[in-house]
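Got a structure for you, questions after.
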């Protein structure tokens, strides 16, 4: 982990009509770390992702990525600069195969190649890159299935593969293990840890605090669009405000069981 | 002979229009129920250049393509803002407004239309019906090649990604605006091309030739044949393009037959006769696939 | 109360539920757990008549409902909380609740249920007039449960309460299920979060690949080695 | 033309006459009237001994008001059907698109009622059987000035070739005779609601309303004038009597309306009485102006064939040399050098729910169509 | 004059809203741009005039028109729309409905002939003069009837259980089903009501113009779609407001600017401009479930 700040949000605000979804949010993510973003439902986590990715234009503030402002850039350009994401609600391209889904993501920077058919030789490198990504997430066997036929667990893997094939330097993951079984969660943890070793930076939204705690170097808590806590996971999770807003006081495991 | 050449030309123009709409509606998934507007813009541009400024067919053709594509680009930009049904209604509106402008603005011949358009010529040879039929089908062949290529290239995949999920496409680094606009530009440019040939073939055009019912027919060809399937769309164009002539023997019931075909095909082949997943398509490609089963893997 | 016999569910050519049988007796709380894609939701959807059963029978309160339309299940006494909440986005909170009571003819009963739901979820009362789409995820989950209760069901069928919810909301939800169960309601629960599910449930079924591979008392299952290995994870402590 | 060969070989047997009209589709009503009259004319001509013993055969096509279909029909008629002459029972669009093909094939065509000025100008084989819009408009101006004693005329006209040529003729004549005319208001084919534009016309204080319109829109204009209690004398044109339904739809409100048209229903001429009677007998309703024009086109053809011969070229010459031929739509003085008809304009007024004789305009200064 | 033109515009708008209301019921529940609804409008007029010429009772005419159209709506829904909707994207039912509309129009022509038929019912109201503003008898009837029907529909949708079921089904069929709502009947009901409304509008319009002809549905077929979409997805209030916007635009343009473009083009122009300013329509819909 270096000290380089790869992503910095400067006083970001976002409103939907009268609703303030984000209010003067500041945050910094250092290169190579895994940063967790937690908070109650509707706190603004997904909105924050969307602002970083350029889907929403913030009402105020600036997003800095690798020292440059990316505010106002269109989504695909931000993506090409190295921010890849997965979606809270999975978004496959259902009529394309798994491999094709990854291929388009992998070739999106090849502007000049837009007219070259995938089947030609020049595109072999892209194909290989896509297969590598699929092997990594454990989807190689499904490469030729239409994406629409996958179940949720595989779809989450597909989203990850699509993100990885873009060679991102920052990966935004929105509840990547929601709805996954334990085996899948384990695989996921292993993969993310591996990616971190390779130098990838991750910003992770997760309600499963077990997963978040196990992975994160740093944790941020959002509530009602405001940052209410930040720091080491263990400390953050013990924070009284966080417990009140997010974790709940008495664990259900206690009295009534 | 002349009669067949005329029929071939008319059907060729329909097929060209269907193919051009297919790029917008079939490949990029953008509803466009006002495609005849671009057909008309191409025809009028060509007609005006030819009759008012003495530009010959070939020159007028290029400008006609450019002008339709330009208006198409604007619609493409609008389509970034409007989704689905809103876009569909806007395209209907565009059709009505375009026709209205042709019909009322004096410069475009107003209610009188534009006559005296010169047929194409190369050197001293003026094109007759036969040559025009040849020309249109050469163009159709070129467009099919273009479309085939587009489907296989990354561009085609990008369009399909946009069609299914724009947000996901953008997140994958696809410049949604650029490719959507490009799809509109290509599709409308080709419609303009069809319009230009039409104008020089008919030698007389008026606003009514480009009305909403033409848009509906083009759309029906694409949907009936199968969105995104080149053979399907061509089939749709040929079947519906020939229908008025083929069913002339039951003159009084032609519209009835036309309407019934639409209803029945949509009811029993909702993805079109040769569209993805249609029963007919599966039947036809059944054996082919059996042989090449492994081909898709790697 | 509910009997599922040899249920099969297919989507096109894919068979995702392969001969599942189980019985829910009055007053039971029963949990089906399993990895994603195991077919849990498909079982519930078949029970509710939202997908046709490709084989087997579904008997609710002694009535064979196989092949009958979905709405008849509600008359038969089933209340359903669908996966992903599925509140009616443009309807107000109160109208969502009233839609839940659609089959109840007696207006007095409806008012009574409404009062009870508001009592359980005071938050919903605060948001009475707000369109459901503007609620937060947790609030929508409350609304979905409240809506299912409005029909005055004898059997409450809940699909994945915990998904995407903050821990505090998950806890509340499970507490609520526990409470309803203790008040005498029969509950059929589907969950990823096996640990929590088996804390509220009395009986547990483990589903894998469309088949039940393990079943028994929840307390026993919790200690079962296969179960622990597969579903509680080895190095992640889940809260 | 290569169609000629066929006709000559079968000279004594049958002579094929091509015909097309919008028999289905949006203008099926006019198309049907035209087709009905065409059938009637051919039947009667044949019953009367045909053309020197040869029978006429009608080759009928439905163009659905589609120019593309008109073109392929024209190709079919000229190259495959071997017709000797053609009558267009269609509107301007299809007629105009088909005309060059007949001209090129040197097969004469008569446009029964389409008024577009470009049609006869296609060439020397193309004739126009209804008067030029400019003539009809000028006649209307004459009626407005002399019969209706207009001071200030408002115009509400259909925005197509028909409306524009009529307004042009009206304005020209009005300018010559010093009649005050307001800026025209245009409406469009298929419009139904005229209260807003009539509200505007009301506020501009005109005493006569010149309204080139078809039956559907015209009847609604008349109804609204009445509804709104507008004090204005309406002056209509031939479109209003293009189907008999105008009178039924407009009902009592139509009484007093004056129109310029080509069919005088009170004519003493035997041909007119016979046509009206025969049509009514055969089809169960009154004939209209579209039907009368189509019927006349066939009789003009028959006359030309009798006098000059049955090959296309001879027929063309025959039509061009027509002189003082008494048709249903008035006495045809002849055709000018570009093929436009010269005949008097009829003026009719609605009385007790029927079109009645009101006058006739024969002044050569008015009824001679412009050659440019 | 301005006031008069506003009255004119509102009348035109009311006429549109009659058709739009029926269509919006169908559109709301199925998201089908149902061109064939305009066929029901013509069908209503034909059946109405047929019954009226035989019985001279406007009540029977209304019953015949509305009943016939309602049955047609039910049949179309069962035989065409519901089966198609299960498998396909929205453009497919649109094309099917265009086919149905063409078939209907041609059947009218074949059965009743191409000529206009009159519908000679005399409306009981006389011209009303309020200062400089004239409200003609037919205008008054149209205003009253459409206001009444709108009120009726509003109560039906917002105050009754069937209305609640309609709204729930419109938003999420499957969940509605799971709440015990018989969605099959609700969808059928929407079509029956939607087509009945169209027929009622057709009869009223036929009386207003004293004319019934095969192609009288042409203009409503696409213009009403625009109005319904503009008004928001299946939002009856929105449909009424959108009708008024279009009606007023037409009246004011005809009255002040002159018919620089055909009326339909003006309506669409207004619509395109409005959509560009408010891409979500006049009234944003409640948002999508997902």
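Lettered A, B, C, D and E in written order, each chain numbered from 1.
Note that in this section contacts are C-beta pairs under 8 Å (C-beta built on N, C-alpha and C of every residue); 3 or more make two chains touch, one makes a residue touch a chain.
Treat the numbers as computed from the prediction; the structure is a model and nothing was measured.
Participant: If we look at chain A and chain B, which chains touch each of them?
Facilitator: none
Participant: Tell me which of C-E and D-E has more C-beta pairs in contact.
Facilitator: D-E is joined by more C-beta pairs in contact.
Participant: Between chain A and chain E, what is the separation of their C-alpha centroids in Å?
Facilitator: Averaging C-alpha atoms per chain gives centres 47 Å apart.
Participant: So how far apart, in whole Å, are chain A and chain C when each is placed at the average of its C-alpha atoms?
Facilitator: A distance of 30 Å separates the two centres.
Participant: So the centre of each chain is just the mean of its C-alpha atoms; given that, what is the distance between chain B and chain E in Å?
Facilitator: Going by mean C-alpha positions, chain B sits 31 Å from chain E.
Participant: Measuring centre to centre with CA averages, how many angstrom lie between chain B and chain D?
Facilitator: 37
Participant: Which chain B residues touch at least two other chains?
Facilitator: 103-104, 252, 255
Participant: Can you tell me which residues of chain D touch two or more of the remaining chains?
Facilitator: Residues 24, 159, 186, 188.
Participant: What is the complete set of touching chain pairs?
Facilitator: A-B, A-C, B-D, B-E, C-E, D-E
Participant: Tell me, which parts of chain D touch chain B in their complex?
Facilitator: Checking each residue of chain D against chain B gives 23-25, 60-62, 64-69, 71-72, 75-76, 78-80, 93, 96-97, 100, 116, 118, 159-161, 163-164, 186, 188.
Participant: Any idea which chain E residues touch chain C in the complex?
Facilitator: Residue positions touching the partner: 161, 164-165, 167-168, 171-172, 174-184, 285-290.
Participant: Under the definition above, what is the set of chain B residues touching chain E in their complex?
Facilitator: 25, 31, 33, 78, 81-86, 88-90, 92-94, 96-97, 99-101, 103-104, 212, 216, 219-220, 223-224, 227, 252-253, 255-256, 258-263, 266-267, 270-271
Participant: Within the complex, which stretch of chain E touches chain B?
Facilitator: 31, 33, 79-80, 83-84, 87-88, 90-96, 98-107, 110, 222, 225-226, 229-230, 233, 260-262, 264-265, 268-269, 271-272, 275-276, 279-281
Participant: Quick one: in the complex, what on chain A touches chain C?
Facilitator: 19, 39-42, 88, 149, 151-154, 175, 178-186, 189, 207-211, 214, 245-248, 250-253, 256-257
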